[in-house]
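First chain written, first letter: the chains are A, B, C, D, E and F, and each begins at residue 1.
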């Protein structure tokens, strides 16, 4: 399987909050947390729950960059 | 400054490839690489170059999740 | 702070509607209204409510254009 | 014609910069400028050029919000 | 009316599931089903319901590609 | 492999146009054409070329809906 999506961050689910149509899934990736809003249906079909290993995928056009004053 | 964007991944620019209108910026975030496609204009205004510290920002609705056979 | 996001529209919150996971925030920008769907968590952390001044941010790749018959 | 896209900002094209595959179109909307990255093909089919009236469309899920220190 | 959005898939609504803020609309496009998450407000204004003919619109930057082992 | 992305449209590549940083890939899906803008790097790694079978993937939050006057 090859995917055009450039960014693939391996992590572990640490929380799933199910709304009526949308679910919020929090994933620990290294030292960071990544939050994903997906359909509730997807969360259930994928049997997402704390402890499950997942890959967070993000298209390159969806990544913004910020620099802060005082940073290198 | 408070931002609605949930995902903020601190990293270091490792490469900038400038096209005519779009630039591809590669950022090292922990053990991963994150690729961003932004306008060339942004890349120049932000003076992005290898070694510069940046924050990669991603909206929660732009994060997909994948599970693989054999994982957890 | 410098941001790769090209579009920054200053406005005033005129309404916040909180769902279980997602919140809908309406912002007046000049003569227009801009609607944003963000996580409920973000809306609460940012203490968004009518009257609050905010900046609406949109990536250039997320702007579509339409022309209508009869227009210039 | 009805469209699910919530945000429709009427404006006037002030600049078009054509790259090989992507075009950058700048639109004046009230007191703001809105930048759009679309395919070069779209820009040509729509005959976009300075002075043309357009509608900039943005999905509600693509609008982020920022508050700044010192603002209301 | 001309639209920069490249992808326009004609189809028929086969289901609408309304959450508090977001609605999930399922559309049959040829042999496939396409699922759309839009604001509940949009779904109501457009009077979306099973049997209604719609056009599903997707920006070219929002289409990812995958190839699978064993294919072509 | 399970993916949160709801929309998976099987098709055949009918054209690839490579820019300096971005590539435009056109895919025939049933009676429709789907255009994808991805990084040139992805297009090359995936060895995309006319005749190759691919799956076009689109997140549910990236699908807009339009109804037209005169349609059912």
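Keep this in mind: contacts are C-beta pairs under 8 Å (C-beta built on N, C-alpha and C of every residue); 3 or more make two chains touch, one makes a residue touch a chain.
It should be emphasised that the depicted structure is a prediction, and the values quoted were computed from it without experimental measurement.
Of all chains in the assembly, those touching subunit C and also subunit D are B, E.
In a homomeric contact, the two copies may use the same or different surfaces; for subunit A and subunit E, under half of the interface residue numbers are shared, pointing to different surfaces. Of all chains, the one whose Cα centroid sits at the greatest distance from that of subunit A is D.
Subunit B maps onto subunit E through a rotation of 180 degrees [Cα fit, steps of 5, range 0 to 180]. Taking each chain's centre as the mean of its C-alpha atoms, subunit D lies 22 Å from subunit F. Each chain gets a centre from the mean of its Cα atoms; for subunit E and subunit F, those two points are 14 Å apart. For subunit D, the set of residues that touch two or more other chains comprises 1-2, 4-6, 19-20, 22, 24, 35-39, 41-42, 46, 59-62, 64-68. Arrangement of the chains shown, judged by which pairs touch: an irregular graph that fits none of the line, ring, star or complete shapes. Of all possible chain pairs, those that touch are A-B, A-C, A-E, A-F, B-C, B-D, B-F, C-D, C-E, D-E, D-F, E-F. By the touch rule above, subunit E contacts subunit C in their complex via residues 1-5, 19-22, 39, 41, 59, 61. Partner subunit C is touched in their complex by these residues of subunit A: 17-20, 22-24, 35, 37, 61-62, 64-69. Considering their complex, residues 5-10, 24-25, 27, 29-38, 42, 46, 48, 51-68, 71-72 of subunit F touch subunit E. Looking at the complex, you find that subunit B touches subunit C at residues 1-2, 4-6, 36-39, 41-43, 45-46, 60-61.
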